[in-house]
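Chain naming follows the written order as A, B, C and D, and within any one chain the residues start at number 1.
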Amino acid sequence: MPVLTFAEKYIRKKIGKNNPLAGLKVSACLHISKETAVLIHSLHSLGLEIRLVAANPLSSQDDIVSFLSDEGIQVHAHKGETVEEYNNEIVQAAKSRPDLIVDDGGDLHVAYARTRLDSCFGGTDETTSGTIRLRALDKSGKLRYPAIPVNEANTKHLFDNRYGTGQSAVDGLIRATGLLLAGKLVVIAGYGWVGKGVAEKVRGLGSRVVVTEVDPIRSLEAKLDGYQVLQMSDAAKIGDIFLTCTGQIDVINSSHFKLLKDGVILGNVGHFNEEVDTRSLFRMGERVEQVRENVAKIELKALGKTRSVYLLNQGRVVNLVSAEGHPPEIMQLSFANQLLSVYHLVTHRKELARKKEKLIPFPPEIDDMVSQFALEGFGLKIDRLSKRQKKYASSFTRGSA
Amino acid sequence: MPVLTFAEKYIRKKIGKNNPLAGLKVSACLHISKETAVLIHSLHSLGLEIRLVAANPLSSQDDIVSFLSDEGIQVHAHKGETVEEYNNEIVQAAKSRPDLIVDDGGDLHVAYARTRLDSCFGGTDETTSGTIRLRALDKSGKLRYPAIPVNEANTKHLFDNRYGTGQSAVDGLIRATGLLLAGKLVVIAGYGWVGKGVAEKVRGLGSRVVVTEVDPIRSLEAKLDGYQVLQMSDAAKIGDIFLTCTGQIDVINSSHFKLLKDGVILGNVGHFNEEVDTRSLFRMGERVEQVRENVAKIELKALGKTRSVYLLNQGRVVNLVSAEGHPPEIMQLSFANQLLSVYHLVTHRKELARKKEKLIPFPPEIDDMVSQFALEGFGLKIDRLSKRQKKYASSFTRGSA
Amino acid sequence: MPVLTFAEKYIRKKIGKNNPLAGLKVSACLHISKETAVLIHSLHSLGLEIRLVAANPLSSQDDIVSFLSDEGIQVHAHKGETVEEYNNEIVQAAKSRPDLIVDDGGDLHVAYARTRLDSCFGGTDETTSGTIRLRALDKSGKLRYPAIPVNEANTKHLFDNRYGTGQSAVDGLIRATGLLLAGKLVVIAGYGWVGKGVAEKVRGLGSRVVVTEVDPIRSLEAKLDGYQVLQMSDAAKIGDIFLTCTGQIDVINSSHFKLLKDGVILGNVGHFNEEVDTRSLFRMGERVEQVRENVAKIELKALGKTRSVYLLNQGRVVNLVSAEGHPPEIMQLSFANQLLSVYHLVTHRKELARKKEKLIPFPPEIDDMVSQFALEGFGLKIDRLSKRQKKYASSFTRGSA
Amino acid sequence: MPVLTFAEKYIRKKIGKNNPLAGLKVSACLHISKETAVLIHSLHSLGLEIRLVAANPLSSQDDIVSFLSDEGIQVHAHKGETVEEYNNEIVQAAKSRPDLIVDDGGDLHVAYARTRLDSCFGGTDETTSGTIRLRALDKSGKLRYPAIPVNEANTKHLFDNRYGTGQSAVDGLIRATGLLLAGKLVVIAGYGWVGKGVAEKVRGLGSRVVVTEVDPIRSLEAKLDGYQVLQMSDAAKIGDIFLTCTGQIDVINSSHFKLLKDGVILGNVGHFNEEVDTRSLFRMGERVEQVRENVAKIELKALGKTRSVYLLNQGRVVNLVSAEGHPPEIMQLSFANQLLSVYHLVTHRKELARKKEKLIPFPPEIDDMVSQFALEGFGLKIDRLSKRQKKYASSFTRGSA
């Protein structure tokens, strides 16, 4: 992950001897993978004190947890923890009087908002879901420190959400089920960056794709990208595999379950396990059986027929639970943004504290920096505008007709 | 073009009896195609008086010019006019004391800025190039009326620039040359919406694609979309076909010409014929021969070898000169935005006149309206958010973990 | 077309001074395009006397006809000739006592079979349709000379039928209609090499594709290639555009016409204008109007609704009538096979005359030769098997476990 | 796997009471996966006595071995057995006086040929490699019983080799390495059905693909399919990932290792671990380290630089070792052919025994049967030729011009 290394080196060079990061306490809530370990290692080696908890009860890799503990990081997580354990660890991380919060999904920010602490002077979050929650906290006056929505970095959402999730969701789907994608009809709910990425990769492996959307422009894009666009109530009747990529709740719900064909597969790619209404699904199920490690078979009786529905990972994010999450080539971009955002919060602390709106726009200079690091990391050499071209770019005398 | 029809109907319903459009004078500078005829017809039938000139000396379709003249529209254009004729017609259109300017590329806005008239109270332009020029005029204080950058509508640039130009550029390339695209190495300069669209369609017909870019993020996108990313000085040595999609000048210039392989094809998809430095190319050419209707063969001696370079349409926009421009399914979106922007300028005349900045952001309500019309026009039915989902979309209590 | 040039050079080198081709009379029935002109020129310059007629009433390019006449070739064809003229020219070419027949579609072979002449000592045909007809003639004892089915060359059908027709059919469709392919539902009837090629290119431009087939294995291939596979009676209800690629009759017939949506487009990519049952279509039509150069609008009343159907080129092959046929890069392969087959027939005349079966397998040495010429023509350098690898290729002791 | 079930049912219905299969001894050498278990179960339930050994020392799944043993099948295999154990089990299976041999790769046939037994009256093999070896045995007079090359079934090689290996090779590659495929340059050696399938899927996930080939026609296909075609000595210098799909030895060898970039990945998709010359690779390596479960890092010093090469699965077939082999949707086709071939050998025993050539063409009636079962299994309904169309298909009077 050279891009993260470049970011760390940049900070290291900047901070010099009076390291402003030294001794600051960070509570971090992240999916605990080998890539996360590298970010945590960077933060730690820059002098920050880390308390790390999981961003999902099922996504922690236990060997990474051990590794980080051995390195002297406080980690409170393990794969397959209960929801109570999971929530409790987040609450404890919030209550530990952090100076900074680094989050993935917003659970830690929300938990901190529920405390009366005033220790925290800045936070970050790297997901679409987390950004939505930070915005909601800000609107209701509950965000008490400046927060950077890392997902809004171009070098984050254009890459992580599209290429990272695209590959890892397909990877998770194949590992979980062992099925052939060629010839299947895959329904992708949501055509944001994540849905776009997943649709493209699934098609790349030979599936036909149906897209469902609530946004008119994204619907038209999906259609002109060559996908069939349907309402979920129609897609439910014909799909072989369903993947939710919306950030919404109940995208596939009890009104759809009864329409499904026998043997369909339901998986979720979104942050929360609420996109498929699993509560209703289990309630409607006559029989539930775990048929592969990450696959539950649920028998439904509906409309006079018995059919089987296969649910992946209890409705939790398929790329992190059934596969290993995003590839390192992608995570380095997201984490370089996280790392530089933490540094930005520390070095701009006073200036940011004065602002009324707490959720600040993503600093474009970080995006620029990460994109330059990325060019180098990916080994790309690109053209530069000449002086004449730069002038032309802002001139109205262009066009010799 | 039902989307344009819906827009016209919407306006017709709104204006009622005291038609505020009646008798207003519009100078329009557009590529004169059958789709344009429908827009002009709509404007005309809504009571506007139109003076239409060409947006490119080579792009006018003479039968459409005749048709519009017969309908009583003032049209001053013909296919293959000289640059002098072309410029003169624009100047005359600017000097005709228009109330409104409808432009494609900004030539008419620039021509009006050079007059001392104060007749015009609003303008539009539908291209990236035009937007850049309007911005430059505005910055230098020479834009004297509110102008709407139609290209910034999502329902314009996401569709017209990508799918419209994507198909029509490939169409123009094949009609001009008759060559097989499968197996060719095509160099696409620029990976904005236009470059993205063209790259995708060219690949869809079996070409390998090399992308050149000056923007780091677009370069990374191109790489992860599966294209090779090179500097033009390297791409020049290996490409079979070159298509410029940048909005810049001299993207392929004399430093590149001498590196080209024998028999390569140079075409431009951008608005102006400046992306390939044709002046230098003709100056360097030992012999020039018109080998097909839209193909000039130029023999160069360079680096001790003689090689032939084939230039399409004298470097002018390949999809409009060698083919018929964008398909109507796409143009209806762009033109519905144009039409509703004209109506917006008239109905918000006073309010807009008070604003200091003249280049205004594209009105989102027009984008929303066009996207709804487009759903209907394309026959799409999509899901709607439930109340519960709408609430969830702005809530921080999401995520049951 | 360097591959054709290499083939001509090869023959020229072989024939030496006593040219066995000199003065032999060839009757040729081909689509008269610029590529055909090059083949005819090669045959002519090798000493053969050519009489050329058209392979389709609508596919002749008049400037090429003039050019060939000026070169001293007997050409009897013009674009848009009547069916009577067309048939008569073929009959005359058959009756002209040819030594050899070079055909595309089999019309000339069938016409010759109906004469009582014994002048002809060999023939070729380059299409699937022609091969089927030659086989039928042979079975019924009516093929009186050895004939080479050029379509069976790998260097012909793998390239011409797939990549050549793939691009040129899409080109013809766009030129004829001007429509956007992105987002359309295109029904491809037949998934042989032609259907495979057309489906791939249409998808490459953003269409969804439905395939209809009668062969189980091809149907499964289509499904696993990511297309929807339906019976025509179901596809008829949902398609926007239909392209027949089967070599069969009545693939879209009166039972389907009444199921079509309003505004659909019907085109044919097969050799004969019998794949869409145009006779029934015109009979069922209430009104017929030519709305673009190659598009007829036919109004049907069926099932209580009036709908419009747009027929391309009167049901004749869309890539030759609306576009310029295959690109030269492809035709050079097919025509090199034709040229070398003619030479083969002359040099193996005695030996072939003794064979009982007249339709002979395509000579593999020609295929090998053309593939070597093609490597050179396309500038490809490829690996060669080492001695050790050659031995391994036919050994049973492979596999060290 | 309904297709296999249909085949079993068909046989069960045919055999009636005097089951000719009952008690026959089958020695089978197959990759031991869950799909194989179903085939073995079918053979067993039809009355055959099975002795099963592994087709690769690393591909056996131990839980399946246990499951089959519990079912009463003789299985001699475990994952990670030594080459000595592996070979010994095959030799024992050959010596066990089988009536029939069912093989994957030909090891068992070769082992039997080295015995002097005359027990065996028929055999099958399902791979390209096995077919080559059977042909070599036959030519040298060492094949003493009729053998059916199952790979030659259209319902086998068109599906198993292309779609099955295509997906499972990509799956194995991602599981083994965890890397992002988007933006990588992947070199595919060999463009047969396997190489075609792998290239397509790798491209579908966003990689650029370079193909190396020794066959001119396949090279041209690869080029026109949009891949770059190079000699391995050039590809070696630029590739990020290499996958061999050739059935040859030493495709990547010591002359190439020294040209590789630092950090490249070498994997094999072919049957034998000889395509990458691993012996030379390990000999050239200064240091070897196992960095992930299936990835060895080998440090090479060559041309004055140290570089790391990552070898997957010791050069053994990546889709079986790092992933779970082909999906069941595909294996059912291959195994239905195996099952019906065994039945064919038994029911045609006498007739086949009389033939001189022992390697017989694949019986087309089995292919037809499996394709019909597959239509049903995949839920496809397709068109049938009408009487008129059937007649047309073999008529020379087609074409009304």
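Details
Everything that follows uses one rule, which is that contacts are C-beta pairs under 8 Å (C-beta built on N, C-alpha and C of every residue); 3 or more make two chains touch, one makes a residue touch a chain.
All of these numbers come straight from a predicted model, not from anything done at the bench.
Two chain pairs, A-D and A-B, are weighed by contacting C-beta pairs, with A-B ahead. Farthest chain from chain C, judged by C-alpha centroids: A. Here the CA centre of chain A is 36 Å from the CA centre of chain B. The mean-CA centres of chain A and chain D are about 38 angstrom from one another, to the nearest whole unit. Contact with two or more other chains is made by residues 163, 180, 182-183, 203, 206, 223-224, 378 of chain D.
Remark: chain A residues 180, 182-183, 203, 206-208, 223-228 touch chain C in the complex. Contact residues of chain B toward chain A in the complex are 56-57, 83, 86-87, 105-107, 109-110, 113, 129, 132-137, 139-140, 142, 154-155, 158-159, 163, 212-217, 219-221, 223-224, 229-232, 248-250, 271-274, 367-368, 371-372, 374-375, 378, 380-386, 388-389, 392-401. Chain D contributes residues 163-164, 166-167, 170-171, 174-175, 178-183, 201, 203-206, 324, 326-330, 378 to its touches with chain A in the complex.
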